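Here chain A shows up in two complexes: once beside chain B, once beside chain C.
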Partner chain A sequence: MDLPTKRLARYQTSQKSLWQRAASRKTAYLFLLPTMLLLLTFNYYPALSAIYHSFTMWNGFTEPTFIGIENYVEIFTDPVMKKASSNLIVLALWRMLITLTVPVLVAELIFSVKGKLLQHWYRLLFVIPLIVPRLVTYLLWQFIYEPNVGLLNSFLASVGLESWQQTWLGDPKIALYAFMFMGFPWVDGVAVLIYLAGLQAIPRDIYDAALIDGTNVVNRFFRIDLPLIMGQVKLMVILAIIGVLQGFEGQLVLTDGGPGYATTVPGLEMYKQAMEYNRMGFGSAVGVVLFTIILTLTLINNKYLKSDVEYSGT
Partner chain B sequence: MLQLMKASAGNRSVQRQERVAGVFVHGTLLFVGICSFVPFVMMILLSFKDMRQFQLERWILSFPLHWENYARAWSEVGRYLFNSVAIGLVTVAGVCLFGTLSAYALARFKFPGRELLYFAIIALLMVPGILTLVPTFVVILKLGLMNSWWGLWGPYIAGGQIMYIFIMRSFFASLPEALFESARIDGATELHIMTHIALPLSKSMVGTLAVLNLLNNWNEFVWPLMVVTDPQLMPITVGLYSFNHQFYTEYGPLFAGYVIASIPLIVLFSFASNLFVRGLTSGAIKM
Partner chain C sequence: MRFSQVSLYLYLVLALVLASSMTVAAASTITIKMDAQAHTPTDNAEPTKENPNPIRAIRDIADEYEALHPDVNIEFIKVPEAQGRESWLQARMMAKDAPDVFWLNFDMTWNNYQKGWFKDLTPYLKRPNPYVEGNERWEDMFVEGILDAVRAPDGRIYDIAADGVGVGVYYNKSIFAEVGAKTPNTWSEFTDVQKRIQEAGYTPFVIQAGPNNVYMHWVDGIVQSQLIYDTFHQWDRDDNGFVDIPEVCLAVDEGAYPDVELMKEMWQLIKDWSQYWPRGFTSDIDVLQTFAAGQGAMMLEGSWALEMIKGLEPDFEVGVFQLPVVTKDLISEASEVPSRIYGPWGPGQWIIPGYLPDDRTEMVIDWLMFLAKPENIARLANDHGGAIPNITAAADAVSPELSGFMEDIPTQVIQGFTSVIDNTFADRYYSTMQLYLSGTISLDQFIEQSVRYYKEGARRMLRQNPDWRK
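Presenting the complex of A and B:
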């Protein structure tokens, strides 16, 4: 084959692959099209709209009026928002404490159970409660706390502790604590399984080495298990932060933020302002503030909770 | 001899330690497990009681069982249950379909803007629903989707596919290239390769994500409360909320309604719990 023919051949193959590449590009964009259309309509546009309208007075129907940072000033000076924020901090700290203790403990205990079958049953035991819809859980706890015929007060009566009876969710002094206690013993089946996955991925020989060195259980947990499941811990911490900062469903169902403002949170105030008074601009501003806090905490979490401790070596 | 005795004594104390540890492990697990079950057991017990039984025999199973509570509750919440099933199944189908297409394109195609698009989608994991709640509601108003399931399907599918793409993209990317190359040489189209090679290999992951998604949209409460006000169209969560006000003092039918609301997830988990447990414990879900 002389040189020009060779070049021609190479030219043809490169042409062909270029055409092929263009076709595969088209397929790729086509595959991504529905996703992008949906995200543009229901995610990107609303997110930008929230930021823009947070600087306006807007009822969602007529043209918005630009009012600068007035909404933000209101968020940071309004006494109701202050109360809501302090409730939120308490709830967030509490949730972090729960997420980092109960499911980790349960996962460790299941992990330490010998016998595959028994492990299987325990795993199932903690997954089954997931079948109860969350709303039903709220309604059940509403009934547990009900002051006249509720389970908690009637249980206290039946063991002769009438003096301990309370109007659990109706007393501003204890409503927030009652709200926090809801869901006892706070085992989240999904979290347990995710932690368990992390524990099971730890190579056996590390444990054998630890056993030979005579490491005790507590030491092993802090020196081996915890560093090696940091990836899972990080994920659960982020999910807990996001969940608690934007959650107000429980309050909406159980207390409506009351009595007074004893259990309210910023999300609930946002919902009420937007839905009851059509204050979409103010609602957007609360959303932007919560978003900023969530983003900051997520970045801090990513930076300072290291998950790059990995077992290496063969 | 002395040494031998010491050794056996040591053995015995190790054994005793192990037994104590065992009691602690099983005791704690059972205590925690039973505590999380008490409310649900009570829910079932109370759902069979009439008013007299509720007053006098609240804590125990008492006969006769009042099945008619279930009939009464069913006539109220049956429709909501059907609505929720329809809303949930379409959502899961949409998430899996669009999510798979996107995840596959991002994992196995090379095209300009790939990294940018991937980053743009993943960045949404950081955007909480609370930021977009109010403006999305306005979008729904403007599109005229109030009081229609499209107003639920749209945002549910849009939001649900983000996590799905995040996990499935890395899963698809981890499959060996040789599989795809040989199929391409045989002249298979990308769609064919995706449905016949990539998807069968990721069945359990897709299943797990589908169950998680169904669980999430089944539990949605605030959004449908805002969008759907027509009782004919309400999902079970919102329907149960109004049912709760209606039956406020009739505890039997009330709790029967709660039990009925749990049935679809019971059915789902009885089929998919093993898959779900396996998928979640496979270690793919972390940061």
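Presenting the complex of A and C:
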């Protein structure tokens, strides 16, 4: 087809109505239909339902009673939710810090390994822990932190540091920090892979040019690597925020949010209120608030955290 | 050729007739699904290292019932306890796919019967049990007062409580002998014994006030019952001998409960007691393992734990006594009447979903009546090891090892197995208690916050259950 004919075909297509254009591509839409139906049923409908039920007193079974913004007032005045929110901020900052440091460092170290085979094995080494269920990790740390026979206190006793022994998850003053320390050395296999893929996509000639200019490792990291993996950084920041805001399984397994409310987070409160205490209306309201926060932070992240260096991927 | 064709047709017809008769037979067999909680038969019929206490009595009883009723098949369903019964119940009721008989603690029915989740079993209990000769009303077979204990605030019974459980202080007889201690009767003697045990290098009392447990609720209930024994009648509106959840809510709403000063004295006493508890008691400690390993001299546990302890093969003898009485020299308002936890919270609590059709309910009731025969309940109790029959004629089946749970002292007068209001209240109250016991907040702060939680909880429950005010 020559150029004028192509233009004519495009012009004719643009003159068709939306329905006509959709009808002409009906096979594609039919293929999409099951996915869309599942999405609507299991993702959009529950989310919209949660927004509606957040304005009701509802136990999940009987007819909901409309109570206006009462659930939201409770969220913003309840001391437990305040404590949960402050814990969440601390955990989010901590997660951001470790997401932006340790996996980047590990990815850089693997990227610096010269031999391809060796690089492959190192990558495998950091990814293997991904197959261990998260629950196993939590139970392992529960054993490490056990105050009487746990690994950590036993180790401290064996090296003569009995005075350093603590009731790690049982002391409200240190429980949150003990919780944050869990997972040491905090190498997230997925994050390492994503950062590594970003580093491997950087064109070789940029490094060659930098080498000719006499750059050192630190300069290379801050002036080449980091700016060019900002897309990956942005993704990891979003994932970290979503992970922290939605995650509560660690608290559920290890502390139930305690002692007191030392380790609780809004997600855990949402789960307990909705699923254990039959307060589905209040749980929905907490969910809506969390959704709004995630959406806002994602938009901010997309707007302000940008990769200002472009390169050709060829 | 013609003959073989006819034969072929005949075979086909025969096969069709056989197939259709099999279908009819299959359709006429009714399967009753039952979640029997701790009475659910285990996979192993003989003791193994992993499961030294196999449960099989209920399967044997079901086989006998099936022999009597060839058209009925009893199937036992395992409900994962890790999920939490509240969540399980909510999901099953919404999906309307709960077993035909399922287990719940009776007080959990009180917070949910308004939703129509459970069948009202009161009329069925008025009928004769055909499997027990001479029985005129099924309810006459139960230990006096036990059905009143499970009766919901609307006066109906949604839970048939065929057996119960008790709570007591298990003690290591070897450690007691080593320090020359006797089982204490008063709180002062109790403190003295614990001091001697601590000096001997053991943890005196293994208990945890950490996540997901009811130990502190039990302590609260027993000690509080001792303290309010002379005064609780003012809140006991239906005069049934205990203050149940609706009565607590109404008393809180009227500002008559709790007694703040008494509460302060009680929690100060418990805080003093906590010096004899294990390090890190506000975290998740394995109480049973610690006790069975001989590291702790005492623990507060339910009668069901007896078989579990045996399974851990401790190298010492175990005894059981009830928590000693608080005397007036410690708290001047104390009634000096001891208290114990015993109630219809056993594994033999039978609930039928509210949505079950009447004809199916009839069949389920018939099976439960068979199961409730005294000799069957005795078999269940013996098999379980920690359940105490609530059927009068089966009461002899109580193992002598359980006598410590059956001491002749009043049962607690403030009810609720996991909470005296609701689970949100329990979460708030006991979380704040953790802060107090760990020294993070003062007694005054704890009491002030607790009173607020009492008020919020009562308001919440009364709003959800307007009929409680009637």
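The rule is simple: the second predicted complex is superposed on the first by the 285 of 314 C-alpha atoms of A that agree within 3 Å, B and C clash if a C-alpha of one lies under 4 Å from a C-alpha of the other, contacts with A are read in each partner's own complex, and residues count from 1 in each chain.
Everything below uses one rule, namely that a residue touches a chain if its C-beta (ideal position, glycine included) is under 8 Å from a C-beta of that chain, and two chains touch if they have at least 3 such contacts.
All values derive from a computational prediction rather than experimental measurement.
Asks: Is A:V80 touching the first partner chain B, the second partner chain C, both, or neither of them?
Replies: A:V80: touches chain C, not chain B.
Asks: Can A:M275 be said to touch chain B (first), chain C (second), both, or neither?
Replies: So A:M275 meets both chain B and chain C here.
Asks: Please determine whether it is chain B or chain C that touches the greater number of chain A residues.
Replies: Greater contact footprint in residues on chain A: B.
Asks: Quick one: is A:V106 in contact with chain B, with chain C, with both, or with neither? Answer first, second, both or neither.
Replies: first
Asks: Would you sort A:T62 into first (chain B), second (chain C), both or neither based on which partner it touches?
Replies: second
Asks: Once the structures are superposed on A, label A:T255 by its partner contacts, choosing first (chain B), second (chain C), both or neither.
Replies: A:T255: touches chain C, not chain B.
Asks: Taking the superposition on A as described, I'd like to know which of chain B and chain C A:V127 touches: first, second, both or neither.
Replies: first
Asks: Between chain B (first) and chain C (second), which does A:M96 come into contact with in this model arrangement: first, second, both, or neither?
Replies: Neither: A:M96 stays clear of chain B and chain C.
Asks: Contacts for A:I174 in the overlay, against chain B (first) and chain C (second): which applies, first, second, both or neither?
Replies: A:I174 sits against neither chain B nor chain C.
Asks: May I ask you to decide whether A:I202 touches chain B, chain C, both, or neither, giving the answer as first, second, both or neither?
Replies: So A:I202 meets neither chain B nor chain C here.
Asks: Find the residues of chain A that appear in the contact set with chain B and again in the contact set with chain C.
Replies: Common to the two interfaces on chain A: residues 60-61, 275.
Asks: Quick one: in the complex, what on chain C touches chain A?
Replies: 84, 86-87, 90, 93-94, 111-112, 114-115, 117, 210-212, 278-285, 290, 295, 422-424, 427-428, 431-432, 434-435, 438, 440-441, 463-464
Asks: Which bits of chain A are touching chain C when the two form their complex?
Replies: 57, 59-62, 80, 142, 145-148, 167-173, 254-261, 272-273, 275-279
Asks: Mind pulling up the chain B residues that touch chain A in the complex?
Replies: Against chain A, chain B makes touches at 21, 25-26, 28-29, 32-33, 35-37, 39-40, 42-43, 54, 58-59, 97-99, 101-102, 104-106, 109-112, 114, 117, 121, 124, 126-139, 141, 154-155, 157-159, 161-162, 165, 190-191, 212, 215, 218-219, 221-222, 225-226, 236-237, 240-241, 244, 251, 258, 261-262, 265-266, 268-269, 273, 276-277, 280-283, 285-287.
Asks: Can you list the chain A residues touching chain B in their complex?
Replies: Answer in residue numbers: 21, 24-25, 27-29, 31-32, 34-36, 38-39, 41-47, 49-50, 53, 60-61, 102, 105-106, 109-110, 112-113, 122-137, 139-141, 143-144, 149, 151, 154, 158, 184-185, 187, 190, 193-194, 196-198, 200-201, 231-232, 234-235, 238, 242, 245-246, 248-249, 252-253, 267, 270-271, 274-275, 280, 283-284, 286-288, 290-291, 294-295, 298, 302, 307.
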